[in-house]
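Both of the next two complexes hold chain A, though its partner changes from chain B to chain C.
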Partner chain A sequence: MFKLSEIQEDALKEAINISIGKAAASLNQMIKEEIFLSVPRVKFAKEKDALGELKLGPEKELSYVSQKFKGTYLDTEAMLLFAETDSLELVKLFLGQHINIEEMSSLEHEAVAEIGNIILNSCMASLANILHDEISGTIPEFVACKAKNIFKMGEKETVEQEILIIFIDFNIKTKEIQGYVILVLDLDSIEVFLNRLLKNLT
Partner chain B sequence: MIEPKRILIVDDSAVTRVLIKASLLNFRKDWVIIEASNADEAQKKLETNDVDLISIDYNMPGINGFELLEIVQEKYPEIKVAILTANIQDSFKEKVKSRGVSFLEKPVTDETIEKIIEICLN
Partner chain C sequence: MLKDLLINQITDCIKAGIVILNSNNETVFWNKWMESASGLTSAEVLNKNFFDLMPRAKNSRLEQAVENALKLKQSAFISHTINLQLLPLFKKNLRTESVNEIIHNIRIFPLKDEKQNSFVFLNITDETEYFEKERILRQKAYDEKKLNLNLQREIEERLHIEQKLRLSASIIENTKEAVLITEQNAKITFVNPAFTEITGYTPLEAVGRKVSVLKSGKHDSQYYAKMWDSLVSAGSWRGEFINKKPDGSLYTVESSIFSIKDESKQITHYVNIFHDITLRKEGEEKLKEMSTIDSLTGLYNRRIFSETYDRIYKSCMRNKEPLSLAFLDVDFFKLYNDIYGHQKGDICLKKIADMVKKNIKRPDDIAARFGGEEFIALLPYTDSKGAFQIMEDVREAVLQLKIPHEKSSVEKYVSISIGIATLTPAKVISKEKLLELADKAMYKAKNEGRNRVLCA
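Then we have the complex of A and B:
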């Protein structure tokens, strides 16, 4: 079983803190509200067991945006996740002053996807800059599902595989909106990623 | 009096197109905003419309924004171009700047819109 050394975990959390800070700044620009971030939590788990980390009931209705990013040193799936009711509140903050309610409703999923695109790209681009890497990302995918189905979108064998998951909680206190950024890293490529990170951060 | 400008927004996100259009018209009511959701549609719009500036997203299905930038510079060298993207990697910024065009970061803010107007007018 793969285990992070103290210095590897410290470097990983520092890099994620820097990257998510940039993403929070982008979200702040979009909605003009202060964003509070948690310390990143790093966890090795099977995908099917990862839900417990989110402290969400399995039947909770969620919206999430997912994008895959790949470079020389980095291979990850990044997700931005909200309770469905919170994502609608976020869309209102994002678009409220520009369009009317009817138009907003028809663009809700597109708006969440674009918020995800901006936040996830901001985060992953900052990480790529730390790595001095060039990464490419897929088109953001919007998914609405129950919490219990988040990590069951892939094949059965993927769900059984152990992966490194990084969770960052963020909230917008004045609006009681809470969300999560989740990064899923494949263990096959983690050594290369961590070695590069340590080289560039220390 | 400044002649109204014609701007082509190329972005697969309808939300971003709505935001840019609404914000631009807020600043410049008489400007003409043309929209395209991908590079192919953008090329068709360029064949049938006079355009002063084209704002291009990078990450789109099919031909990406950088490839479209190369096509536009080759076929329409007189059109001003801005890349407007969430892909803020240093390496990508350098690639864009090496083509002599402006790099604008998402999210779209009033400063972004002012910058688009400035590029268009200069």
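Then we have the complex of A and C:
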């Protein structure tokens, strides 16, 4: 089983912290609301067990935006995840309070996709900067599902596969919007990635 | 060459905008859809800076995304939901001949050619129809919800009223208070079970008849006129009625009547709520009868006086002894009350009564309050002279109380006038004669200046 050394974990957390911080700043510019971020939590787990890390019941209706990023040192799936009601609040925050809707339609899905895109791209751009690498990403995909199905989107075998998951609590206090940024890293590439991080950060 | 031609044909067939920019933001590809939507031909835009052609997109999310695609190789998605009016793209509706802006999303991808030159691929999709449909659906859902909400509110309101009515109906059915509702013309429209219990009239017998069916004839027309006055002017009346049952028996009710007005403030109905106080009244009467002592003065009351007078008159008649009777009346007592108030008036009466009691103390003597400020003294076996002496003592004693009476024209203090009559009872003389004579003597005493004792 893979285990991070203390220095590896610190480097990882610092890199993610910097990247997410940049992402939050770019979001903050758009909505003029203060955004709070937790210290990243790093977990090795099977995808199917990762759910417990999110303090959400398995039947909770969620929506998330997912993008895959690939660079020389990094291969990851990044997600911005909210309870469905919170993502609706987020859309309202972007579009102004005048929209009077209680249910998300495709129009709101598009909006969430773009918001996710902004945050995740910004986060990855910072990470690429740290790695001195180019990280290209796919177009954001919006998914609405129950919490228990979050990690079932990928190929079947990955569910049983151990992965590195990084969680960041993401909080807009005034609107009581709470979300998570989740990075799922493939263990095959983790060593290369961490070495590169350590080299560049120290 | 063949490949390029094919690609051109394919991209021209696609119902979406395809734009490729080079690393200097210059347009290197512009498909047919873009030509028709922007009004700019491929020839007009090629090798021109895209953001010069589309100044509206300058400094927008789009420009940022294009830059990131070139520099960071990032893909991006730009939605019309967040970025209204991204590019000036239009579509002509041939049916209405109106020109409408195309609502669109843009997907941005970084590209590289074989020489590692960076390009940005913009895929612009028309979302207008979709957006419109969504808007209509949403409006419908909103309207429906509003309609349902209004309907729900209305139903709730009605339920609420009905509940209230049901509640008041059950109260009216079960209360011990009779409820009688009449129209403005006094015709009965509703009675409850308690009404039947008290009045003896069933709803069938009562409804449709005038409320006067309950009258006993014990009140004069003035009494009813006062009630109507109060009802019309104040909207309510409270008081007692003596009514008559169908079997002729009388009963007393304590009644509360109020009027009900419609929106235009016109009286439409009267509601009369009453309960039977016959028993209470009888009880009160009985209690009054049972008492012998006047509660204020502590002297005998008039009823006891009458009974005693009867007995003593006969006794004197048998024994052929003289019987004296005196009427005592406080001088200017109404004036006293007006000046000093009723409470002081009562105290004054009490003090006078004490003096009367103190001086009329022989075993067979009787002093009673006759009513108001009037007292009566019965002195058996006493002639006129003796009676005068006793009553003179009483008069002097009252004056010596020195109860101030500023407005009295006789004395500075409260005084009394006394009239005495004396006779030896006989069968030919009625009991009332003595009373009459004493009363006259008392009035004479008043006329002659008050604060004195006069014998008939």
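Operating definition for what follows: the second predicted complex is superposed on the first by the 192 of 202 C-alpha atoms of A that agree within 3 Å, B and C clash if a C-alpha of one lies under 4 Å from a C-alpha of the other, contacts with A are read in each partner's own complex, and residues count from 1 in each chain.
We take it that a residue touches a chain if its C-beta (ideal position, glycine included) is under 8 Å from a C-beta of that chain, and two chains touch if they have at least 3 such contacts.
What you see is a predicted model; the values in this text were computed from it and never measured.
Novice: Overlaying on chain A: chain B and chain C, fit or clash?
Specialist: With chain A aligned, chain B runs into chain C, so clash.
Novice: Which partner chains sit in contact with A:Gln29 here, chain B, chain C, both or neither? Use first/second/both/neither.
Specialist: After superposition on chain A, A:Gln29 lies in contact with chain B alone.
Novice: Give one of first, second, both or neither to describe whether A:Ser105 is in contact with chain B, with chain C, with both, or with none.
Specialist: The second partner, chain C, only.
Novice: Kindly list the residues of chain A that each of chain B and chain C touches, one partner per complex.
Specialist: 94-95, 107, 110-111, 113-114, 117-118, 121, 125, 128, 134-135, 137, 139
Novice: Once bound in the complex, which stretches of chain A touch chain C?
Specialist: 67, 91, 94-95, 100-101, 105-108, 110-111, 113-115, 117-118, 121, 124-125, 128, 134-140
Novice: Under the touch definition given earlier, write down the residues of chain A that touch chain B in their complex.
Specialist: 22, 26, 29-30, 94-95, 98-99, 103, 107, 110-111, 113-114, 117-118, 121-122, 125-126, 128-129, 134-135, 137, 139
Novice: Could you pull out which chain C residues touch chain A in their complex?
Specialist: Residue list for chain C touching chain A: 61, 68, 72-83, 105, 107, 109-110, 130-131, 134, 137-138, 142.
Novice: Touching residues of chain B toward chain A in the complex: what are they?
Specialist: By the definition above, chain B touches chain A via 12-16, 18-19, 22-23, 59-61, 85-92, 106-107, 109.
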